[in-house]
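Each of the next two complexes has chain A plus one more chain, namely chain B in the first and chain C in the second.
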Partner chain A sequence: MAIADAGVLYGLLAVGAGLATGLAGIGAGVGEQGIGAAVVGVVAEEPGFLGKGLFLMLLPETLIIFGLAVSLILMFAWTPFASLVAAP
Partner chain B sequence: MPVLRLPKFGKPVKYAYITGRVRAMKTKLIPGEMYPRMMAMDTSEIARYLEETQYKDEIDALSKEYSGVELIEHATFANLAKTFRKLSEVSIDEPSFLILEFLRRWDVWNIKTLLRGKFAGVSDTEIVKYLVPAGELSAEYLDELAKKDSIQDIISAFDGTDYASALAQYDGKNLASVENALDKLYYFRMERAVGGTLSVGGGLLLKFVRREIDIRNLITLFRMNKAGVDAAVIQENIIPGGKLHDELSRMAGQPFGEFLRSLEGYPFWSSISDIATADIDAVSRIEARLKAYLIRYAWALSNYHPLSILPVLGYMVSKETEVANIRKIVRGKEAGLPAELIEEQVVVA
Partner chain C sequence: MLRPVKMSRVVVAGSKDVISPVIEKLHELRLLHIVNYNGSQPEFGLGKPIGKAKEYSEDLIKLRSFARYLDIKSKAPEKTYPEAQVLSEKDNLLNNVGADVSSTYERITAIEAEVKSKQDQITTLRPLAVLPLPLESYYGYDSLAVFVGRVATPVDADVARVSPANDVYSGSTKNATIVAVFVPIEKAGEVSSVLSEHGFAEMSVPRLEGNVDSAIATLEGGIKSLEGEKLPLQKKLAETKKQYEDLILATDEYLSMQTQKTEAPLRFAETANAFVIDGWAPSDQVSRLKSELESAAGGKIDVQVLDDKEADDLVERGEDVPTKIENPSLVRPYELITRLFAVPEYKEFDPSLLIFVFFPIMFGMILGDVGYGIMIMLAVLLLKKKFRTPGWQQLVNIVLIASVWAIIFGFFFGEIFGPLGLWTKVMGGLPEAQIELLKEHGLYFGEGVYGALGRLGPLGIFPMDRLATNAVLLLIGTSIYIGVIHCSVGSILGIKTELNYGEKKHAYFERLPVMLFQIFFALFLLGLVMGQSALVIAGGIVIVVSVVMMVMGPEGPMGLAHVPFYVSNLISYLRLLAIGLASVGLAFAANQLAFYVIMPMLSGGAESPTIIAAIVGIVILTVVHFINMLLGILSPFMHPLRLHYVEMFTKFYSAHGGGVEYSPFGHVRRFLKA
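So, the complex of A and B:
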């Protein structure tokens, strides 16, 4: 395979890695908007709920970690093209 | 060209804040097991207990002016108005619109109180005490209305508003027809404001209100059928718009035993079946059970639609009932009613 093609493939890999983290972030944001609003509502009435509320609000954040893990694997661990890119 | 209309993204999210807030507020309501204990207290003890609850500010503020039963009555009304006003102030968009639409019932209540007060020739300061400025009409505007000299002046102040048509029915002799017209107007306006929209929230509000109308009509039927009132008179007092309107209006004027048999099989039957017998002497017990059923219905329905107007409605009905319960206990004790009689009237969902 030509070096240029390998470069394109590697580029697509990088785009995929970006999408993995980016889309996970957007999804977590959508999930958090409702929880965040509800938590602010409850805390307005009962300030003692803040700790529990923050924990609940951060639950969807775990999804980003999955996305980030996929990105890191794509970029650094899963390198079927690495030899091609590195090849002269 | 047909336009593809996507559902508005994130719509239930508009309800997240207000439902979170009312669910927290619900935990501050007086628990059902407190009522029997309140019945064993005297008035000053009840006032002291209320000072430990959400009524603290009002009790503190009004304790200089009033004492005893008066203090509790005014403090609970003031707190009710403050709480409901807060709900409409802290919400936006669709929830705010629906809450205001629901709270217009307090406008109707206030107009009725004003008319009744003027009709009985009560002084304006006395009338103002019984107003609950929780709806659209502000406390200042209601004060102004209370200062007017006659019923006609109050009625003409509403010229050009929706209330004018209902208030025009005042014939100078009795208020019953005006009060009925106001009730009907309230439900008619709600249908008009909400029925046209395709929004889920509006539909749920209507669903609840239809059930509420049914329960109110049912209470009317219980009272009037028991008293053996003429079917035509009952028909006049039935509020249109309920889900079971046709069925219920057919039951008007039935002999009591037959009326009870025809209720079997309806969803509310299980909550009254053990006390609804042909020889029941007081209908108030059935009323309390039916009101409790309505509260449970609102909260049960809100489990299916957690992010909707239903938890807010459930809270508003629960709060209204709580205030009514406290007043019943306090007034009942003052009048020296036996504890069992008061207990029958207290609504515990």
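So, the complex of A and C:
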């Protein structure tokens, strides 16, 4: 079965993929904001904490990767749609 | 390599007669990590400093105080000095040079203060130029009160109201009105409150004479001559610094060493006639330590090595075994990354070797560009010459090795400054028709070729254009499997560490199931993608088994709460693909913009670009690629770092708290000749 307006479907997929990465990015940013501020504070008092601080700071970064994984699946690997929609 | 160096507990006991030669020898050998005596046993007291400890530390303070005036900081040595020379020049340096530097520096400070005060006076005088009064008329009255300052509104009428006898002068500058009000002293209070209603802000008039302009001119002349005096003084300091910098650092080193030696007994246990030193030394060096010390003390000493059981007892009672990390020189820079996280405990693993294996590959996989790799390599080689401190050298070496991998992966990905760019021009590409054919069959992995060799690898996947759909899918898989290997290595070390601590339950029911879960979860996914039901079933069974093991483990059913974390660990490795895609995307956009939009547009659609088009194109390419490269150093560095710290280290590292780094008694000579 082929959907008549494949372009629309492909466009919606792209919008969804964009939202997935974009919103995940906002979430991670909000998370890192607090951690980053706290880490800078601690490092100012105790420079030895830099490594652990960096570690904590990078923890929420994974959220973006989740979003990105969803995007990649939508764009490249979502087989039910991929078979219906040929990339223009 | 993977383990810290094996240590032995050593006790050195001897007669106080030989304490000096023993300390001297220990200092020279740099083998014994001294355990400070805490005074816990009544038979032994704390040791006292020997020799001229006080004198040395006083000299050191003197030296450092004027070294600070010269702004001398630790740096790589240019020349080294024999101890005798330092000793003979020490007095001259500390007394004559030091006094000279101090007085010069103090004079400079005084000049600066004077200049500052003159400048302040000029700032206050300048607005007074609008009033017609000479400076001496502002002060020196017994019966008059003088108010000089800025006001917001005219004050004449109000002043006249409270004090009929008055003299008011006013004038306006660019942004304020300046007034000088003279009233009888008994009216001062009332006038003051009236003035404050007009927003009066008082200015303190310097006690100078003559008219304002000439006073300013005099002050400026004064500043000029002071500056003239300061310049040669600063030059003199700079020359002194140039002449004595290395000698001062060498003397600092000598005095530090002497202080260290003379104050060492503070860390020993002592009786009236004997001393005892506790410490740790690398096991393979113990016999050397023993024989060297015995010969230095002429036999009046006893060096005992505790057997492992006794040493373990001490550790049980809270003594830390120092960790000595030792790696081949190629791996050594990566100790920086280990230390940034934490020094491993004695019984834990030193992950530097693993970082050396994985980190550059991850960096290379993310950056993967021949052009960027070469640029980074050149930049880093320049930095290597410039920054010679050990910390910088380590960092520079890390990036240097990583940039080699970036170049290697650049060949896999067929990128020279991004896709669409130089690769096809240098190495050639597939003909249009063949690309269409490949796309039709879903086998398109990129259009570049390796010159006459064509495309290489199974299905001709190399050079792989990372923006092609097939390549993205392949790299997703590759990233996750790199994650599986990376995490599994971490888990294996975790199991061994737990066994070292004798925690069998933690090893087999906490660490092992994680590894099984991650490996078979990845196989399960692979089975789903490939449609291999055998793999799916096998994977599913082992996943269930591992989860059951976790429940049986020390945490019980709570262990299940970690399962999502193990999955997210693996997904996290997608960043190896993702960060790379971002930078490829930017490079692609730059090339597209320059080669396919701007240049044809400015050339009016001609085949070969005009000169202006070429220049504009090159400017755009340079700017965007430069920005991309800066990002391209930062993210490929930070993200693999995170993959190590968060995904790998948590599997085995510092579950028992950070270790104590081995720092043997002694000093590394930098400015002093041995």
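In the analysis below, the second predicted complex is superposed on the first by the 75 of 88 C-alpha atoms of A that agree within 3 Å, B and C clash if a C-alpha of one lies under 4 Å from a C-alpha of the other, contacts with A are read in each partner's own complex, and residues count from 1 in each chain.
Everything below uses one rule, namely that a contact is a pair of C-beta atoms (placed from the backbone, for glycine too) under 8 Å apart; a residue touches a chain by one contact, two chains touch by 3 or more.
Note that this is a predicted model, so its numbers are computed, not measured.
Visitor: Putting chain B and chain C on the same copy of chain A, do they fit or clash?
Guide: After superposition on chain A, which the two structures share, chain B sits beside chain C with no clash.
Visitor: To the nearest 10 degrees, what angle do the lines from the C-alpha centre of chain A to those of chain B and chain C enclose?
Guide: Placing chain A at the corner, the angle measures out to 50 degrees.
Visitor: Counting only touches as set out at the top, which of chain B and chain C does A:Leu54 meet: first, second, both, neither?
Guide: second
Visitor: Have a look at where A:Gln33 lands relative to chain B and chain C in the superposition and call it first, second, both or neither.
Guide: Only chain B; A:Gln33 stays clear of chain C.
Visitor: Please indicate which partner A:Val15 is in contact with in the superposed arrangement: first for chain B, second for chain C, both, or neither.
Guide: After superposition on chain A, A:Val15 lies in contact with neither partner.
Visitor: Should A:Phe76 be classified as contacting the first partner (chain B), the second (chain C), both, or neither?
Guide: Second partner only.
Visitor: Using the touch definition from the top, say if A:Val42 reaches chain B (first), chain C (second), both or neither.
Guide: In the superposition, A:Val42 contacts chain B only.
Visitor: Between chain B and chain C, whom does A:Leu23 touch in the aligned arrangement: first, second, both, or neither?
Guide: After superposition on chain A, A:Leu23 lies in contact with neither partner.
Visitor: With both complexes overlaid on chain A, what's the closest CA-to-CA approach of chain B to chain C, in Å?
Guide: Between chain B and chain C, the shortest C-alpha distance works out to 11 Å.
Visitor: I'd like to check the shared interface: which positions of chain A are touched by both chain B and chain C across the two complexes?
Guide: Common interface on chain A, chain B vs chain C: nothing in common.
Visitor: Enumerate the contact residues on chain C facing chain A in the complex.
Guide: Interface residues on chain C, with respect to chain A: 339-342, 469, 472-473, 476, 568, 571-572, 574-575, 578, 638-639, 641-642, 645-646.
Visitor: Under the touch definition given earlier, write down the residues of chain B that touch chain A in their complex.
Guide: It is residues 10, 12-13, 16-21, 23-25, 27-28, 90, 307 of chain B that touch chain A.
Visitor: So in the complex, the part of chain A that touches chain C is made up of which residues?
Guide: Residue positions touching the partner: 50-52, 54-55, 58-59, 61-62, 64-66, 68-69, 72, 76-77, 87.
Visitor: In their complex, what parts of chain A are in touch with chain B?
Guide: 30, 33-42, 44-46, 49
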